[in-house]
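Both complexes shown next keep subunit A, but they swap its partner, so subunit B is in the first and subunit C is in the second.
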Partner chain A sequence: MNWNRRPWLLGLLLLVGLVLLASYSLTVGARHIPLPTIWKALVNYDPSQVDELLVQTLRVPRLLLAVACGISFGVAGALMQGITNNPMASPSIMGVNSGAALGLAVAMILLPDSSLNVAVLFAFGGAALATVIIMALANRNGSRMSPVFLALAGTAVSAVLLAITQALVVYFDVAQDLSYWTAGGISGVRMPQVLLLWPWTLIGVVMAVSLSKSVTLLSFGEEMAIGLGGHMGRIRFLAGVAVLILCGSAVAIAGPIGFVGLVTPHMARQLVGIDYRKVIPITALLGAILLVGADLVARSVAAPFEIPLGAITALIGVPFFLYLANRKGAR
Partner chain B sequence: MSQSGMNESSMDYSKKTDIQIEGLRTGYDKTVIIDNLNLTIPRGKVTALIGSNGCGKSTLLKTICRIITPMSGTVYLDGQDIHKENTKVLAKKIAILPQHPTAPEGLTIRELIAYGRAPYKNGVFTRMKREDRDIINWALKVTHLEDLADRPIHRLSGGQRQRAWIAMAIAQDTEILFLDEPTSFLDIAHQLEVLQLVAELNKTYGKTIIMVLHELNQAARFADHIIAMKDGSVRFEGSPEAVFTAEMLADVFGITAMIMKDPLTRLPFCIPQNVGGSL
Partner chain C sequence: MTLRQKQFAVYSTVFLVLLLLFFFLHVSTGFTYYSHSHLLAILLGGGTAEENTVVFDFRLVRAVLAVLIGMGLALSGAVFQQLTRNELAGPGLLGVNAGAGLGVMILIFLTPIDQGLPIWSLPIVAVMGALVAAGSIYALAMRKNEAGGTYALVLSGITLTAGIHALQTLLIVLLSPEKFNQVNTWIIGNIAGNTWAHVLILGAVVVVLAIILYANRTTLNILTLRDETAIGLGVSLKRSRPGFLILAVILAATCVAIGGSIGFIGLVAPHIARRLIGADCTYVLPLTALIGGWLLVTADWVGRVIIAPDEMLVGIVVALIGAPYFLFILARKRG
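Moving on to the complex of A and B:
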């Protein structure tokens, strides 16, 4: 089936799939909670019922967080692959997530009593630092780096930023706060954090969609994109801002969950082609499905213990990364 | 200033002035390749930039069509500084075919050409109009790609692919077309095919063509105006008859050559003899 000509139908199918998966995910946990109870908790909440309390305070926030993070990392990855014209670009590989983690560590050390809002701003700053470093590397001499070289450079930047983060964390003794978080775990999340994240996710997605036409032009090469009336400086800047809004906010709440932004844009392009007006919305839906699914696995494989979400996505992402690196033309 | 209304799809490009280049200084990063260059490029004609590798002809082409921003100096198009004008407005006046355009996987010829209409769409989700479809069909017809319209680009031969890129560029419906070495990596039949297409675009549709060419005799045959460059400056310019001299070939390319007249076209062509030295 050629989804290229029916992006709306594909989007609808994915949305239905997401709703079904999400509904099932809400029923699974230390206690099985049947769907009717979940439905009642959503439309007619009674806090005196333990099951409904569980749904409202634990399971729904967690689900909404997984959805928001899936959208954020997926869309950020699509933008990065589009503007660097590099299939191996993604927030985790290029060091953006590590930058955000560093920003957050700095916030915890400098302002230990700060609100989450302030922490998110610090994460933006860290993500921006990493984005600037990578973009400077990618555009050096105006020549395009080979995909693998850029990925290596990004991984190196990422490693340095994480090393600094670890050093700061150990030295200032905030390790306990950060260790689970840096593995990409979302179990302790509550509604206020989720409500803080969603506006940023939506802003980032709106920016990404409004840039999508220009990003598509970049897949013909920079010179062609200029010839077709693309404003390169502005597109790169705005896409960079969108990426750090998406990654910075998601990392601040959920930790650096890797590989979602690498894998989902490829799946979306396989389905709907190169037009980013379709790729970005489809990537958002795929990212959400992937993370809701991964969270389900993370909770149920070794119940009652939980595997960090980042470990599950790495399990899918690393083989995929190696496959991309070995493809013809990657070097 | 902007004469190009949104719906200017007619092929009437009269009353345009030549492209004026004044005091141009340009290059890559901090390396100056061209300094203090003054040049006029005629409108409505085919102009070929020639010169040995690294002489700056590609840099000049890219600066004139705004891919490279010059360090100083000005390129005037219809009295307006090209590097200060809105890039989207310019995209309706100038189309560019770079030397190595990248073709995203899986795109068909028709889809590729449709992206040539990008400068005419304002919103992100603006739909294609009837006018866009007409121009895409026209571009397919002119480049003789009608039968291949739905074939993916990566399944085309080199010559077909180059025609597809030219079709995309002309779907932009601009009066000026910049081509950076449009014949490189093509075999001789496909080179001719592309150059004949270029000639047709100029003669039949009145387009101004500015291209970098490697093959001297092709430049002599297909260009009305030749600009010969060496070490970042223009050494010779004018009609093929005026530019094609033993002196030019010795100075610009460092070769000795016999200049003959093509008995059919009456245009000059050269037979290279030696590197350096004299006849």
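Moving on to the complex of A and C:
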């Protein structure tokens, strides 16, 4: 079926899929909670019931966080791939995650008692630093970023930032705090963190959607875009800001979760073509589904242990990405 | 002497002197201070029992290991770069560190805490893990196109390494805290805490493999030529490529098993050597080994003095120096 003509129908289907998956995910846990109880906890909350308390304080925040992170990473990846016209672009490959980690480490050292909001700001700063370094490297001599260059530069920048982070962490002895974050995933989140993340996610998504037409132009290539009347510098800058808002906030709260931003935009483009007005919303839905699903796996496979979310997404993402790359090579 | 030979003589002398200088600095650094002349006297056999223990069993072991690991990683990097005709290749990109790490982690995971491991077991599992990882990355990269396809190599290298890291994360969750610390220190890279037995194992591997590689330097040179030319010169690509790959992986994985996951030396050292002396393996291999040994002994020394009395793990120091150099290579290459 050609979804290109019926993006609304596809969106609706994905939304239904997300809702079904999310409801199932709410029932699964150390204690099985039936759907009617969950429904009652949502519409008519009674804190004296243990099950309803569990749903309200643990499971719903976690679900909302997974959805927000999926949307953030997916949309950020789509924006990056669009403005760089480069299929390898994504938050983890371009070093944004390592930058955010460095920012967090600095926040933990300078302001050990700071609120989460301040930590998120530092993570933004680190993520921005990483992005600026890579863009500067890539724009040297006006050379265009080849996919290989981007991937290698991202790896190297990541390695530098990671080394600095490790050095700081060892020196100031905050390893335990940070490793809690790097492996933490989204377990143990509470409603305040969720409320902190969602505004950023919404701002980022609104920016992405309003930029989507120009991003489509950019993805045709620079000359074409200028010829069609786009303002390259301004669009790149705004899209960069949107990426930072989305990645910085999501990474700061959920830790580095790779491959979502790399894989979902490819899937979306397969389904609805290259128009980013359709790609971005579809990517957001796919990202949310992927992360809610991955979180479900992470919680249930080795229960009562929890597997870090980043490991699950990598295990899904790696084969998919290799398949994608192979098919491209064959063409 | 040709010009090239003269250059080689000059450069190798320079790096040998640097190597010895920093080796001596490394040995003279530590908790107890010995004056330089006194240290020389101890090294030449004139120390008390306590001085001998400190200098020989602690400091010298570590310094010698640093040199050997640096040499081994650098040499294997040189071979990888020859095989793939790609100056960005190295043990790290080919998944050696990740694969060896996974092997080591599985071994630690399966061993009961209070049971010691035989000293040769870590290198063996590391080599096996690294062979699987590097073999699959190389096979994926080579299947898609001719040798030297940077795109395929980088792509499969980065993605498969990410996959292996994901498996490591899975294992880490299941580790007890004591084992986690053991694994974590290993992952970052740390040369301290080894014995002369480690030196013996690593020394044997490095020396034997270095001799084999040097004896086959002509074939290594030919492998960088086009496939048709290499075959025309009588080199069996089907045999020699996997052969060299296996040798280089064994070399790097043994180093990594003993020193921890140290990156970038295998990338940087051959690159410097080739910039100085050209592409001929006759000169590149020895120079690479000298540079690698010097770099790592220096990095380890820096790690010991920079935040004394604490210690910066050597893997961090190496990454702080090596990663910017890698970026410099990239920036020069321009896409």
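Note that in this section the second predicted complex is superposed on the first by the 317 of 331 C-alpha atoms of A that agree within 3 Å, B and C clash if a C-alpha of one lies under 4 Å from a C-alpha of the other, contacts with A are read in each partner's own complex, and residues count from 1 in each chain.
Throughout what follows, contacts are C-beta pairs under 8 Å (C-beta built on N, C-alpha and C of every residue); 3 or more make two chains touch, one makes a residue touch a chain.
These numbers were taken from a predicted model, which means no experiment stands behind them.
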Handout entry: When subunit B and subunit C are modelled together on subunit A, clash or fit
Key = fit
Practice task
Give one of first, second, both or neither to describe whether A:F305 is in contact with subunit B, with subunit C, with both, or with none.
Solution key: second
Problem - subunit B, subunit C and vertex subunit A (Cα centres) - angle in steps of 10° - result: 90
Practice task
Give one of first, second, both or neither to describe whether A:L162 is in contact with subunit B, with subunit C, with both, or with none.
Solution key: second
Practice task
Would you sort A:G221 into first (subunit B), second (subunit C), both or neither based on which partner it touches?
Solution key: first
Practice task
For A:D51, select first, second, both or neither according to whether it touches subunit B, subunit C, the two together, or no partner.
Solution key: neither
Handout entry: Partner touching more residues of subunit A, whether subunit B or subunit C
Key = C
Exercise for the section: Would you check which partner chain A:G273 touches, where first means subunit B only, second means subunit C only, and both and neither mean what they say? Expected result: first
Handout entry: Touched partner set for A:L152, first subunit B, second subunit C, both or neither
Key = second
Fill in the blank from the handout: Across the superposed arrangement, the tightest C-alpha approach of subunit B to subunit C, in Å, is 14
Practice task
Kindly list the residues of subunit A that each of subunit B and subunit C touches, one partner per complex.
Solution key: 141
Completion exercise
In the complex, the residues of subunit A that touch subunit B are 85, 141-142, 209-210, 212-213, 216-217, 219-224, 226-231, 273-274, 277
Completion exercise
As the complex stands, subunit A meets subunit C at residues 88, 93, 137, 140-141, 143-149, 151-153, 155-157, 159-160, 162-164, 166-167, 170-171, 183, 258-259, 302, 305-308, 310-312, 314-315, 317-319, 321-322, 325-326, 329
Handout entry: Contacting residues of subunit C [partner subunit A, same complex]
Key = 88, 140, 144-145, 150-152, 154-156, 158-160, 162-163, 165-167, 169-170, 172-174, 188, 263-264, 307, 310, 312-313, 316, 319-320, 322-324, 326-327, 330-331, 333-335
Exercise for the section: Spell out the residues on subunit B that touch subunit A in their complex, using ranges where they run on. Expected result: 28-29, 62, 65-67, 87-92, 94-98, 100-107, 115-116, 118-119, 121, 124-125, 169, 172, 178
